[in-house]
Amino acid sequence: MSIITLATDFGTVDGYVGAVKGVIKNIAPHVDLIDITHDLDSISKAAIALSRYYDRFPKGTIHLVIVDPTVGPERLPLILTDSRFTYVGPDNGIFSWVLRAAEKIASYAIHPAKVKTGEISSTFHGRDIFAPAAAMLASGRTPHEIGVKLEKPRLLEFPKPIIESGYATGEIIDIDKFGNLITNLGMRIVKEFSTVIIEDKQSVPLGKTYSDVEIGKPVAYIGSTGYLEIAVNSDRADKYFGVEIGKKVGLSK
Amino acid sequence: MSIITLATDFGTVDGYVGAVKGVIKNIAPHVDLIDITHDLDSISKAAIALSRYYDRFPKGTIHLVIVDPTVGPERLPLILTDSRFTYVGPDNGIFSWVLRAAEKIASYAIHPAKVKTGEISSTFHGRDIFAPAAAMLASGRTPHEIGVKLEKPRLLEFPKPIIESGYATGEIIDIDKFGNLITNLGMRIVKEFSTVIIEDKQSVPLGKTYSDVEIGKPVAYIGSTGYLEIAVNSDRADKYFGVEIGKKVGLSK
Amino acid sequence: MSIITLATDFGTVDGYVGAVKGVIKNIAPHVDLIDITHDLDSISKAAIALSRYYDRFPKGTIHLVIVDPTVGPERLPLILTDSRFTYVGPDNGIFSWVLRAAEKIASYAIHPAKVKTGEISSTFHGRDIFAPAAAMLASGRTPHEIGVKLEKPRLLEFPKPIIESGYATGEIIDIDKFGNLITNLGMRIVKEFSTVIIEDKQSVPLGKTYSDVEIGKPVAYIGSTGYLEIAVNSDRADKYFGVEIGKKVGLSK
């Protein structure tokens, strides 16, 4: 039984996600449809959320991600495949994290005429192009049969940390539901340093988990995806520090 | 494997949806349970959301819809069947769109004693009547076995567009998660006209998709369900125009 | 096909729930994964929500509940089993309602080394310990194989009603999505009395369902889980009475 995971920015209340699921089940009744989220609010959030779950799934899983604010002829409908997974969604950068991590990945532009099940609307390619494409792939069709090779899928800019002698500067790239601050400072960089400083002002002790500090106090630690995170025990770090995505986080010796 | 889709206004946090799912799985373990939404907030929203997904699913799908503010003896528990789908839920108008579109549909009032799995609570027919009814139907029981024929299921009033010479007047019947305005002006009416006017004041250009206009500008187009919609490229049309459901949308030549 | 139900406080947008689902599907591809909620906000809410659905599911169901604010070495990762269900989650009180209702239940502390699929993070035991443990149990491993017997799983304090001659005093223990007030006054206590009083001031008539009173008026009734609830017909009782969890509800003759 193939798995299709489904992540969108549709919310659920309008029935749009229902339509996507119906199209998939109609083409591939036996597919195992796994909801990831329908609350995404941006392309960059979709990209980082995907990076947290895609490689936990079994080989062969199809990851359908639909955050498509620029739906229309300007952006291509995309299929990506590597040795383990297939990805379907708009070519607008949502697969940036996957693409950066992948060793070898093939890209295809979906040919709408080969996947359409009726009229293709101008505003709902999730239902009319991406859903049938994912379902056809789950039913054994190859990317070659429904698309054409594409050279360079779109990548979001990824802010790289700056490493100087005795100092590294990264930034907050995500804030999760709990208010934890996720940075772009990877494990290998962090272990060269001993002090974490937010916005050139407040230093935060390094620990392993929330309870390494007293309730209400901040702590920095290597998060579950291998990047430096900053949390406050039993509280929100974003509120505590008054920071948002893009703010600087420094490391010193 | 039968499919049951599930749409409710329960939210998920209280465990009520969990109870409904447990009852279904207990009676029909092999059923493929598909979440649609648990965030509905009114009967009319349930009706319009359902209209967007029901006919995308494979033949034989059972659509369970539970928005039941008047739970109690005053409204009947309902089963509807046509040649493709079965619907289960309270007889309060949530199936209005389905009923209006259907050519031939049979209605039954569920006999609570024939579906109950224990005590029937006075306030949670979703768990105690609708869930077991849907699960029994998925397990091969017929509507006849668990209900009695019913004549006229309840219909919500549907505001019909008024068409005069050279002018048509419809209204906003839904606002989706993105703030897009969905009207009751169908494709066939719209193509007779060339200008869209909101609230007798602001005209909106006709296009095909959001990016037909500049960012921040409004556009009208035939939406994914065949009705005229009004959106603002990369923004919310409801905020832009300061309108709500029920406001007038006109068409002129 | 085994069922695993999944209730968390993760929200869905960050991809953490996706990671948990991926881990489960990787170990136990055929498991039937049922979403309960990802919107829990406290241990006590998790405990009461679980009490509403766990025993509706078929025998053999594994209930995975992850609300884990004190993740770390201070609380053990738990498995509970009785003659019908298995429960997996942190030992922080989330299983209090289950434990109080159970006649005979065995407790185990999960041995992290026996379930880990890679590095175990310090902050995401949901993905690294609870998910693989639940999936292994769904694949036929026994609690004995992956854990060690544990004596006393943690219990939350449960406020017991005080019953005096002619008067009983309980309290509001939950407020649901609709604003209904759920008390700790069980059916057997309630039937000895005839008057419900909120906060020693306002009396509420006893009825069976919302529509037993006029729109906008309050009514008390035995709720779907057997406890006294107070609602307002077509409105929110929490707003109507200006009350919150912990406030007193009295019964008199």
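To keep things simple, chains are lettered A, B and C as they appear, and every chain counts its residues starting from 1.
Just so we're on the same page, a residue touches a chain if its C-beta (ideal position, glycine included) is under 8 Å from a C-beta of that chain, and two chains touch if they have at least 3 such contacts.
Owing to the predicted nature of the structure, the values given are computational and were not obtained by experimental measurement.
Chemist: If every chain is a node and each touching pair gets an edge, what shape is that graph: line, ring, star, complete or other?
Modeler: Contact pattern: complete, every chain touching every other.
Chemist: Could you say what rotation angle superposes chain A on its sequence twin chain C, using C-alpha positions and rounding to the nearest 5°?
Modeler: Here the rotation carrying chain A onto chain C measures out at 120 degrees.
Chemist: Just curious, how far off is chain C from chain B if you go by their C-alpha centres, in Å?
Modeler: It comes to 31 Å between the two C-alpha centres.
Chemist: For chain C, give me the residues that contact two or more of the other chains.
Modeler: 35
Chemist: Taking the complex as given, what residues does chain A use to touch chain B?
Modeler: Going through chain A, the ones touching chain B are 10-19, 21-23, 25-26, 29-30, 33, 35, 69-72, 74, 121-124, 127-128.
Chemist: Given the complex with chain A, which residues does chain B contribute to the contact?
Modeler: Counting only chain B, the residues touching chain A are 1, 3, 5, 7, 32, 34-41, 45, 48-58, 61, 174, 176-177, 208-212, 221-224, 229, 231, 234.
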